[in-house]
Amino acid sequence: MPFVQVQAIEGVFTEEQKREVIARITDVMVSIEGESLRGVTWVNFIEIDSGCWGIGGQPLTTEAVKAMQNGG
Amino acid sequence: MPFVQVQAIEGVFTEEQKREVIARITDVMVSIEGESLRGVTWVNFIEIDSGCWGIGGQPLTTEAVKAMQNGG
Amino acid sequence: MPFVQVQAIEGVFTEEQKREVIARITDVMVSIEGESLRGVTWVNFIEIDSGCWGIGGQPLTTEAVKAMQNGG
Amino acid sequence: MPFVQVQAIEGVFTEEQKREVIARITDVMVSIEGESLRGVTWVNFIEIDSGCWGIGGQPLTTEAVKAMQNGG
Amino acid sequence: MPFVQVQAIEGVFTEEQKREVIARITDVMVSIEGESLRGVTWVNFIEIDSGCWGIGGQPLTTEAVKAMQNGG
Amino acid sequence: MPFVQVQAIEGVFTEEQKREVIARITDVMVSIEGESLRGVTWVNFIEIDSGCWGIGGQPLTTEAVKAMQNGG
């Protein structure tokens, strides 16, 4: 406690970035709740299939997200 | 907001059907909450491994669901 | 199977609207997966506290959502 | 109702063990809620990628969990 | 790891029963994964508002579940 | 996308701290995925009833967590 779950479309975050997300979200939580809760602060990361995430009903693909990242 | 998550056993819905689920659930939400919230109405779709979903303790497989669909 | 979970900020949907969401999302699923799966098609609705949902880091309140609904 | 979701790192539980988890968690629920709810007691099992689960910010791998299991 | 989440309609389980569910699900997991993982075996329990859980599109209330429990 | 959900025992985080968690987790995600995805980076925060979260089968209460925070 706490438990944090991250959901993102597959392939948008590299393995290294996922580790960074886990480490830095943990640091955010611990900086607020206190270092003594670090051992019971969990973060996990789930990938959703490309095209299986709709925004406004439009399916979002890995490529579409990457285009957004590149200012597309 | 809102965020809708669909969970189903793998292989029961085709890719096209998953897109249809996402689009039509979004339309249901928007028809109730208002078109102005379409852009912040998210739906995603997660597949669970065949046999990793129990009803009454009995593991349900993709084949078993298809048999149910065909009136089995 | 399937299981659908709806998350929305508290107070945006009336009790009646929540029932409508549950009924109509079920109808969407059943129209695609087949009537024979109606009995194993579940939808539940969870409300999140006002201000406990961030978009782009900005906390969204019930009032803010209602303003959006009214074209604010 | 009830719906129980189990999340574990991939490869820690064998297919047989996952079935056993589903069956025995269902039995626990039914022994408390009553046999009449067995048919509406669902349990599913989701696997998280190795390294995509942090405890205290440290990413946990399948191998690390197995080492823990073996007293490592 | 593992993390188990139980969802049930409000008021169906007493506080004592919820504790029993948490303890006994933990025991099931530990008996399969090994006692060494007990400290990292988490179970939490979430209650869903009465009427906010649909089975086949029909909203299930606390009273309806209790009637089912009593063979109604 | 991405969607981040934080679960914590009720009363451990103040309203202000919950806002801070939402803002700072968003900043972590955006610093990795890119500022262009800020508008589609969501974080929400769910509170679990005191005593409804077990670690190793032991129910954790709000008071117990506060004691841990104070080095108890």
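Labels for the chains are A, B, C, D, E and F, by order of writing; each one numbers its residues from 1.
Convention: contacts are C-beta pairs under 8 Å (C-beta built on N, C-alpha and C of every residue); 3 or more make two chains touch, one makes a residue touch a chain.
It should be emphasised that the depicted structure is a prediction, and the values quoted were computed from it without experimental measurement.
K.L.:
Please report the minimal path length, in steps, between chain C and chain D on the chain touch graph.
P.N.:
1
K.L.:
Return the chains common to the contact lists of chain E and chain F.
P.N.:
A, C
K.L.:
Work out the mean Cα position per chain and let me know which chain is farthest from chain D.
P.N.:
Greatest centre separation from chain D goes to chain C.
K.L.:
How would the chain C/chain E interface be labelled, same or different, where same requires over half of its residue numbers to be shared?
P.N.:
Both copies touch with mostly different residues.
K.L.:
Half is the threshold here, strictly exceeded: which of C-D, E-F or B-F has more than half of its contact pairs identical to A-B by residue number?
P.N.:
E-F
K.L.:
When the centre of a chain is set as the mean of its C-alpha atoms, what distance in Å lies between chain C and chain F?
P.N.:
Distance between chain centres, rounded to whole Å: 22 Å.
K.L.:
Cα centroid separation between chain B and chain C, in whole Å?
P.N.:
Result: the chain centres lie 14 Å from each other.
K.L.:
Among the residues of chain D, pick out those that touch two or more other chains and give their numbers.
P.N.:
1, 3, 7, 42, 44, 46, 48, 53, 55
K.L.:
Mapping chain-to-chain touches, which pattern fits: line, ring, star, complete or other?
P.N.:
other
K.L.:
Which chains touch which?
P.N.:
A-B, A-D, A-E, A-F, B-C, B-D, B-F, C-D, C-E, C-F, D-E, E-F
K.L.:
Which residues of chain A touch chain D in their complex?
P.N.:
15, 18-19, 22-23, 26-27, 30, 38-39, 41-47
K.L.:
Give the list of chain A residues in touch with chain F in this complex.
P.N.:
1-9, 12-13, 17, 20-21, 24-25, 28-29, 32-34, 36-37, 40, 48, 53, 55, 60, 65, 68-69, 71
K.L.:
Give the list of chain F residues in touch with chain B in this complex.
P.N.:
1, 3, 42, 44
K.L.:
Which positions of chain D touch chain A when the two form their complex?
P.N.:
7, 46, 48-49, 51-59
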